[in-house]
Structure formats: C-alpha cells, structure tokens
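Note that chain A is present in both complexes that follow, paired respectively with chain B and with chain C.
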Partner chain A sequence: MLQDIIITGLISGGVYALLAIGFSLIFGVARIVNIAHTAFYMLASYGFYTLLVKVGLNFVFAGVLAVAGVTALSLLCYKLIIEPLREHESAVLIATIALALVIQELMLFGFGGHFLGIPSTLDGAFSVGGVSVAYQRVVIMGVAAAMLIATWTMLYRTRLGLAIRATANDLEVASLMGMNVHRIALATVAFSVLLAAIAGVVVAPVYVVDPFMWLGPLVTMLAIVVLGGLGSVKGSLIGAFIIGFVEAITVFALPAGAFLKGAVALSIMVLVLFVRPEGLYGVAFEEEER
Partner chain B sequence: MFRSFLVAAALAAVVPSAMAQGTIKIAILGPMAFVQGENHWAGATMAMETINKAGGISVGGKKMMVELIRADSNEMTSVPDAASAVERVITRDKVDFLIGGFRSEAVLAMQEVAMDNKKLFLGAGAAHDELGMRVERDYNRYKYWFRITPTKNTDLGRTVFAVLNSVAGEIRTRLKKETPKVAILAEKAAWTEGLTAAAQKNLPAMKMEVVGVWNPSAVATDVTAELSAIERAGADIVFTILSGPVGIVTGRQMGERNMKAVAFGINVEAQKDEFWGATAGKANFVSTLDTYSEVEITPKTVAWVRAFKERFKKSPTYNAATYDAVMILKEAIETANSINSDDLVPVLEKISFVGNAAVLEFDKRHDPVYGLGKSLGIAVQWQDGKKVAFWPPQVKGMQPFRMPGD
Partner chain C sequence: MYWLRRLWSELRNEVFVLPSRMLVLAWALGLLALPAVYADPYVMRILTLTCLYAIFAASWDLLAGYSGQVNFGHALFFGAGGYASSMLSLKLGVSPWLTIWVGAAVATLLGLGVGYICLRLRGAYLSLATLAFPLIAVGLLLAFPGFSGGELGMFGVSRLTNNLIGNYYIAVIAMLVLVFGMWLIADSKFGLVLHAIRDDELAARASGINTPRYKLTVFAIAAFAAGVAGALLAHYLRIAAPFLLETALSFQVVIWGIFGGVATIYGPVAAVFVLFPLIEWFGGFQGFGERRLLFFAVIVLLVLLFMPRGLVPWVRDKVETLCPRCKQRNPGWRAVCRLCEAPLSATDRPRSTAPRKA
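Coming up: the complex of A and B.
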C-alpha cells in the first residue's frame, strides 16, 4: 500500500504544483486572484484534444500549439479584462470568475457536455514494487519535474525572475527603481498560464476532458495556496505535494470514503487558516520573511 | 367579408391554439447540450418525421401534424431551470404534451409543474421509484405521469442482479471458482446506495463473496488507488454502479492495468458509442446494462436501431425512447379520438404497445410492467471496439460474453 500512496501522491502532487505555482506567482506579482487559472488548464486540454484527435497533428505539435495558443489567449484576456480593473482587487476577482464561466460555457457550446478521451502519449504500464504504473503517468511526473526545475531556474537564475521577485516583494519600490511593472505582470501572467496549459496537456490523456473539469482542480489549488501561503512559490510546491499525498492516503486508508479526498484537503485548508492564517510560508512571497 | 373575419377571430379565441393550427405540440425536455438531450431530441424527431410523412395523427376525422418544441431543461446543472423549462413550454409555447427528462431530482420537480397544469408527461430518462409512487399515493393529481423508460430503480436492480448471476456463472465454469469474488465500485451518490446495500445483502446468498465497497466521486479523474486495492483483494468481478465520467476512467484504467477482473454493472458512459474512443480503446470487456442493440428485443428493434444509426451516425441511448413515447401518444390519441390529457390517461392505462425496446404496458404506478417480453433491458459488453449484446440469452441475436484473456 505504501508504494501505491507514494506513486499516486507524487503524480497528483506534480500536477497540483504546476497549477498552484502559477496561481501563486500571479498573486505574488500582480495581486490578481485569478479564478480563471484552471479554466485555462481546461482550455489547453480541449485545444490538445482538437489538434490531436480532430486535426490529426502529432503529440508534440498538438501539445506545443495548444500551450502556445492558450498562453497567447491569456495575454489577450489580461489586456482586455484584467488590466483595466487592476486597481480594484474585488472587481478583478469577479471578472476572472466570469471569464472562467464564459470559457466553460463556450466549451459546452462548442463540444457539448460529452466526456472526451485522448490516446496516451506512451502506451503500456510497468510494475514497481507490485504497483502497476502506466507510462503516461511517468510522462506526467517527468514533465512536472522538468517544469518545476524550469520555474525555479527562471525565478532565481534570470533577470526576468529577479524582476518578478522584486515586483512581488514590493511593487512600488520596483516601480520607483525603473522597472516596468506592467510588463513584468504581463510576463508573469504568461508564464503562470503556460504552466497551467502544460498541466492541461499532459494530464489530458489520463483524465477525461469535459466542460466542468476546471472546477475540481480549482478547489484543490485554492486549498494548496492557502496551505502554502498565498503568493509563496515554495509554499505552493510543498502544499501541492502535501495535498497530493493526503488525498492518496485518504483513498487507500478509506476505500469506501474515497469521495472524501476533496473534503479532507479543504479541511486541512480550514485548519491551517485557524492555526496559521498566513499559511506555511508567509503572506506574499518567501523573500518577505527574510 | 368583415362578418367572416369576426367569426374566424371568435373561433380562434375559443378553439385551443394547437387545434386551430392543425398541429399537436409536444415539448421534448432534456439537457440538450448533453448526450441525453441529444438522444431525447433525435428519437422524437424520428417519430415526428414518421408520423407527419404518413399524414399526421387522426383526431376527430381530421389529420393533425406533430410539432416538436425543443426545450433545454439544463437539468445537469440546475433543477430549478428544469422546472422553469416545463413552465415555459406550457405557458408560452402552449404545448399539449410533455416528453423527456433525465435526472431524477429534476424530473421530480418537472413532474410537479406538469401535474399542476394537468399535462400528460411521458418520462424518458429518470428511474427513481418515487415518480411512480406518487401516482399510487395521489392518483388524481399524478395520473398524468407515465414512465416510458427506463424501468424503475427497483426493477433495474432485479435486472442487474440477474445479469451478475449470469456473469458469475461464466467465472465458475471457466475459472473453476465456486464463489467468485466481487468488488463493488459505486460512485458516491444517492441513487447507488440502495443498489450497494442490496448487493451486499444478496450476493452472498447468490454464492458470491463481496471483497469490499469502493466509493469514488462520480467525477473522479483517477481511480488508480481503488483499482490497486481491488486487485489486491483478488476480485474476479468489479460490480460497477457508475453514471458519471468516472465510468470512463474506470474502463480505461482497468485496461491499462491489464486487470484480470471483469467489469459489469451499470456504467452509463459505457452505453454510449463514444465510450471506446473516450477510453482510448482500453476498455475491452467492460459490460453494462443497456437498452438498445441490433437484437430482437421486439420485432421492431433491429430495423429501428439500424434506421437510427443511418440517420444520426451513432447508436441510440435509452433516452431515444422518446420515439416510443411519441408513437404511443399517437396510438392513444387515435384510440381516444382526443388530445385532452384526461381522455388519454385511461387509454394509456390499458394499452399494450410494441415499442423498440419493450412491449409497454403500465402498472398502477404508471411504470412499465417488468419482465421478459415486456420491459426488461439488456446487457452489453465492449469487445474489440464493438458494443455487443449478451443478455438475456432468450433474445435472438445475443453473442457470447467474453473475459480478459479470451
């Protein structure tokens, strides 16, 4: 059972981390609570499905085009919907809820309420310690690990990363130092949606694509960022794996209570809010604690 | 001239609008963005085309055409929307009859609005027993409700256990196991609780061992944990009670893991043609209860299923029984020589109608009479990309049940 929990927890945690880190980055840099974040994840899954199954492109082209298209669309949405409202945080929150619902309804209109399946990038499975693991899940773990390393490198080894961290640390000071905070916010939105879109593309072959697939991950992602500390990338990463493992333990320890895994994640979130309202890693960004 | 105009205007005011237009208006209610609603509409459309092509329905010596009103109940996301849709078609569209519905909780609400307005409502989707029990408890209010499909939950349970017994028989013969092990995989929902409890109670008496109950969410995207535990428990049969997308995930992941156990039960997603594609072709041997296949359930079944496939390029799901609903309505109207719901109720109560998936007769709850040769259902299995029917064996055209490794 332990092997089952480790493998299931790692896969779920990796996907959650891709979603939660992007969400945290946008909040940390631009103070935008982007509820539409997982809607972009869903959009990438639909894009991948369309290009792969309907158009007939190969996996790589379909995946790259879907991710690029969704990232470009997110920039358009940012310019048209979010940027004009940025001074009003609650208006932004409501606007992103509306945006997510519009995307959901558009998918429902375009594809109907059908549950769509995508062939595996790699077929087959192998056994580790008596646990059967599909190759596609290894792909997910590999992509998640690669993207997390890429995110870390971008944040801590590039000028853009430095600018993002500086903006997250103090928006006004960053602006006074001559940084173009609007462009940095735009770059952060693009990067975070890129992570969500990649998650949408890699999980699509093991999940089912449908117009409501953004809701489940949204709730889990909110639990993760509250657990890790809203705005903290490190907190989101750790929170993602904590929630991934907690869900796996719930399913294995309580077979008849597998449906409770979401509720357990949310209970942890509520508990953290009571004990440590700022989450595991502070209020905005880890640098603030230094 | 002016006097003629006044007479015509007066007649238009007193004669029901549908009569004046020479049409019978039937609302088709369903979640139109979903496969259930699509089938509601497709079945009814075929019936309307058949009737109108033949000249319409005879009422009082004149032929009336059928006009369908497509009403999106949006019941997948909102029960109040479903009730509003019924209200809308009755008050705005002035329909004469109502057909459709899918989710039981929505249809329970829709039924109330229909009964308030004394409109005949032929159900084509919801299985909850309460819909018929209301007719028995308060006949005068609920007599306008008749269930065309599916059989009520209790009868659905009878069928599923009969097929399960047949599958267990295959395992006893082939694997030489006297007591096959059964894992119950039921999505967490109100409708699965009764069946789960009944399975836990009945299966030991049927010489089957229940090795555990697993309750994933209906929208779970991963059942790896559940399937791992089921494999470790040594289950021979995974008894599925699933209506949501978790049915696709289960079929796909069982195939990916090359599980030796065979899946049978209720898996609504596995009833659809799209299931094989949605599981990326991994769901070999997944089986489920179903309604239509190219087998002789009634003398009409094979020809109708073929015609449906020809027309819509896909197989009908059980919601396409709106075809039978429209046709039974035609027969009742022509027998009663009226489109008044009160006149049609006693006719429908006595009717014996050979439909496409059942010979429809109604009991005192206005539920279809259950049994072989009446309303029973079939079981189908996915075999190498094709959905083939294997139960009940008495029906002509059934094929053998297969197991992993065959």
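Coming up: the complex of A and C.
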C-alpha cells in the first residue's frame, strides 16, 4: 500500500504541478483568475483523442498537434475575449467561467456525454517492489518532470523568464523599465496553456475523458495554488505534491476515501490559510501588510 | 385617509420621478397580479424558481458586491438551508413552516463560521478559499449516504402548500420582502460602511470601524437570505440533493451577479429574471434542450463585451442621467435637474465643472 501511495502521489502531484504552475503564472503576470485553465486541459485531451483515434495519426504527432492547436486557440480566446475586458476584473472572471462552459458544452455536443476510451500509447507494465506500474504512468511522470525542468529553465535562465518574474513582482515598475507587459502577458498565457495542454495529452489514456473532466482538477488546482501562495511557482510546485500525496493517502487508507479525497485536500488548504493567510510561499500583494 | 394621501405623495415624489423606480414598481405589482390574469402552471413554476434564485443572487451581491468578499462558494448556504430544513421535516416530521427557519439558522451559523475563517483573507484568496467549503460539504454528504441520502439526495420532502398559486405567492412575497430588506440594508449607513470596507479596508479600520464585526454581520445576513431561499427551493422541488451545493450553482450566482451589475442588489435580481426564464424558454425548442448552457454562456460573453459593468447599470445610464451638481439621478429626458435645477446635458454645462464620472 505504501508503494501504491508513493506512485499515485507522484503521478497526480506531477500532473497537478503542471496545471497549478500555469495557473499561478497567469495570475501572477496578468492578475487573471483563469477558471478556463483546466478547460484547455480537457480540450487537449479531446484533441488528442480525435487526432489519434478518428484521424489515426501516430501518437507523437497527435500529441504535438493537439498541444499546438490548443495553445493557438487559447491565444485567440485571450485576444478576442479577455483583452477587451482587462480593465474590468469581475468581467474577466465571468468571461473565463463562461469560456469554460462554452468549451464544456461544445465537447458535450461534439462527442456526447459518455466516457471516451483512449488506447494506451505504450502498453505493458513492470513491477517495482510488488506494485505493477504501467508504462503509460511512467510516461506521465517523465513528461511532467521534463516539463517542470523546462519551466524552471525558462523562468530562471532566459530573458523572457526574467521579464515574466519581474512583471509578476511589480507590473508597473516592469512597464517603466521598458518591458512590453502586454506581450509578456500573451507569452505567459501561451506558456501556461502549453503546460496544461501537455498535462491533458499525457493523462488522456489513463484518466477518463468526458466533458466534465475539467471540474475535478480545477478545484484541486485552485486549492493547490491557494495553499502554495498565489503567484508563487515554488509554492505551486510544493503544494501540488502535498495535495497529490494527501489525495493518494486518503484514497488508499480511508474506507470512503474516494468521496473524501477532495474534502480532505480542501480542508488542508483551509487549515493552511487559517495559519498563513497568504499561503505557504505567498507574497503579500497589497502594500497594506499587517 | 391620511395614510393613503401620504402613500400617494410618497409615490408621486419618490417613485414616479424616475423611470427605473417606476419600472421596479410595475414589476412588483405585475408579479403579484399575474396569477389573476394568467395562471398557466408552467409559467407559475418557472417564476417560482426564478424568485427563489433571485433571493439567492441578491444575497450574493450583498456579500460580494457591497463588502467585496467575493464568495465563490455561496451555494454552501443555499444547500445548508435546503438540507437542514428537509432533514428536519422528513426525519422528525416537523412542519416545513418551522423547519425553514431552522434551515436559515443553520445557514446563518455556517455564514458566521465561514466568515470567521475568512476574516484574514482578502481578494482572490478569499474567493478561492470559499470555493472549498461547499465541496467539503458535498464530500461529507457523499461519504455518509445513510444520513444524507448520498448522491440521489432525500426525496418526498413535504411542500409548504400543495396549491400551485399558493407556492407562487410564497416565493414572490419571500422574494419581495428579502430583496427589499437587503436593499434597505445596503442603502443604509451599514451599506455605506460595507462600501468603505470593499474600497479600502485599512482606511475603514483607521476610521474607527470594527471591520471584522461588519464582515461577520454581512456574512450572516447573506447566509440567512440564501438559506431561506435554499430551504424554500428544497420544499418546492420536494428534494434535497447535492445539486443544491454544487460548484456550478456557485458559479451560476457569480455570473448572475456580475451580469446584472454588482453592488446594486436589483442588478442580480434583474439578471435572474432575464436569464433564468430565457434559458428555460430556449430549452423548450426542439434541439435547443441540451445546448441551453452553451447559449447561456455565449449570451453572457456577448453582453459582457458590450456592457462590461453589467446589464442594469448600462440600462440605467441610458434612461437616467446623474446631476453634475447634486449627484441625484434624473430621468434622461429632463434638461435641468429635478432637485437643484442645474443643467443636465453635457453641452449646456459650463466648462469649469469637472466631467461627470462614468
């Protein structure tokens, strides 16, 4: 059971980390609470399904095309819907909710409400310490790890990453230092949705694909981001693995665990907030720190 | 006779002078008179549900719009009212007329609890943390199906009356009383303090306002109203199920609130009265049934692109203008202010006055 918990925790922690870091970056740079973030994750799963099963492409091609398509689509949505509303924060919020609903309904209309089965991209399994691990799960772990390293390199070793961190730290000063904050926001949205889309493609063969698959990860992702501190990449990463392991422990160790996993994860978030209102690694945005 | 004359003068001086107030009066009287004119069961049913959701949306606006505690888990209070009331009336056989108050009390207590936990949180943290509470509640309900009815919920909750029109009047009167009450609260000094807390909490504290007490009070009031609405809905639909608590409902109320225009109370009510029957009506068409949520989302997106501040403020700015001198509202067709007789139109105004804020 311990091995089960470790493997499951690592996998879901990795997937959550991809989602939460993207959400956190968008919030930090553009101050958008992007409810549609996991809708793009779902869109990538559906795109992967269509290209792999309906069109019959090789799974590498299908994955890359799905990720690229979803990223391009997210930029289009940002330009058409979010940017005209940027001054009105509450309007942006419900625009992202409405966008997520539109995507959900389009998927429901196009593919029906039932679960879609996606054939495993890599069959077979091996066993570690008595637990059999499917290769697909190894793929998820590998891709998640690679993307996390890539994100870290991008943020801390490139000029774009420096600009993103500077904008997240203080938008006005970054703008005064000559950074084009609009273009940085655009780049951040593209990069964040790219992470979400990659997560959507790699988990598609393992998790269920249905038009409501975005709701579960959405809530967990929000819990992680708040737990770790909004806008903090390190906090999101650590929060993702905390929540991933807590969920795994609840599912394997408690009797009605499957129902309670969300409740336990969210209770931990509430507890952390009770002690540290700005999350584990949060930066207090307002000057009015107490 | 004196009271009648007094009423008439109040009406003439306060209500008939502004088109928006006349509209509100016509709407309230129309709702009350409708069953006498057109008592179609389907229309009655839709309007009953609309009224109950309108209470819910208005209570969210009191909390989120006025005091800035943007609650993403408002369905918690709605569901708590519904579940508590149904459980009591179903398991102990208490009359629903009493259990509704118990449901509202449970919701109020939860409101105080959530408010207490969220006292130190602000902005997006508060929104995302409040999102968690109804989900925790759903998890608990599903984990103990013997007690809560699990995923299917509790059936056969008794109705307040079995009369169709009776139920309609209960909903309409509850809506009018609660919404008008919340509007009075929001328009009073208490509401002014809430505005201050939303705009700058630190400045409010520095001015000697006990902000935690105000925040807890507004949480309790909003939760009470939402709890009453939830209890009435559970008794009307005769079921208390997890859909009363789900995230979709919490998001729905956020959409209603922002679509109608925040910090107005009547905005979200108007939004519910526009959107809810519209969506039901769409649902009646062949082929639209499954796609109504899609149309809902598309309508919301389109309206937002043209009226980012919400539907009602946009309409109100079209039919009424703000007097540049005394800041009172005037009908759009007047040339001078009805109170201070300052010229209203932008061209007549002397150059020295500052431009009117949008």
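The working rule: the second predicted complex is superposed on the first by the 282 of 290 C-alpha atoms of A that agree within 3 Å, B and C clash if a C-alpha of one lies under 4 Å from a C-alpha of the other, contacts with A are read in each partner's own complex, and residues count from 1 in each chain.
Keep in mind that, in the parts below, a residue touches a chain if its C-beta (ideal position, glycine included) is under 8 Å from a C-beta of that chain, and two chains touch if they have at least 3 such contacts.
The shown structure was predicted, so the numbers you read here are calculated from the model rather than taken from an experiment.
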Which of chain B and chain C A:Gly279 touches, first, second, both or neither: second
Which superposed partner A:Gly262 touches (first chain B, second chain C, both, neither): both
Which superposed partner A:Phe109 touches (first chain B, second chain C, both, neither): both
A:Ile94 touches, of chain B and chain C: first, second, both or neither? second
Residues of chain A touched, compared between chain B and chain C (which is higher): C
Which superposed partner A:Leu222 touches (first chain B, second chain C, both, neither): second
Partner chain in contact with A:Ile184 - chain B first, chain C second, else both or neither: neither
First, second, both or neither for A:Val270, with chain B first and chain C second: second
Residues of chain A that lie at the interface with chain B and also at the interface with chain C: 108-109, 256, 259, 261-262
Residue ranges of chain A touching chain C (in the complex, touch as defined): 27, 33, 35, 81, 84-85, 87-88, 90-91, 93-95, 97-99, 101-102, 104-106, 108-109, 215, 219, 222-223, 225-226, 230, 256, 259-264, 266-267, 269-270, 273-274, 277-279, 282, 285-286, 288
Chain B residues within the chain A interface of the complex: 31, 33-35, 38, 76, 187-188, 212-217, 219-222, 224-226, 228-229, 231, 245, 248-249, 252-253, 256-258, 269, 274, 277-281
Chain B-touching residues of chain A, taken from the complex the two chains share: 4, 8, 12, 108-109, 112-120, 124-125, 131-132, 134, 203, 205-208, 210, 212-213, 216, 248, 251-252, 255-259, 261-262
Complex contact set, residues of chain C against chain A: 70, 117, 120-125, 127-129, 131-133, 135-136, 138-140, 142-144, 201-202, 247, 251, 254-255, 258-259, 262, 290-291, 293-294, 296-298, 300-301, 304-305, 308-309
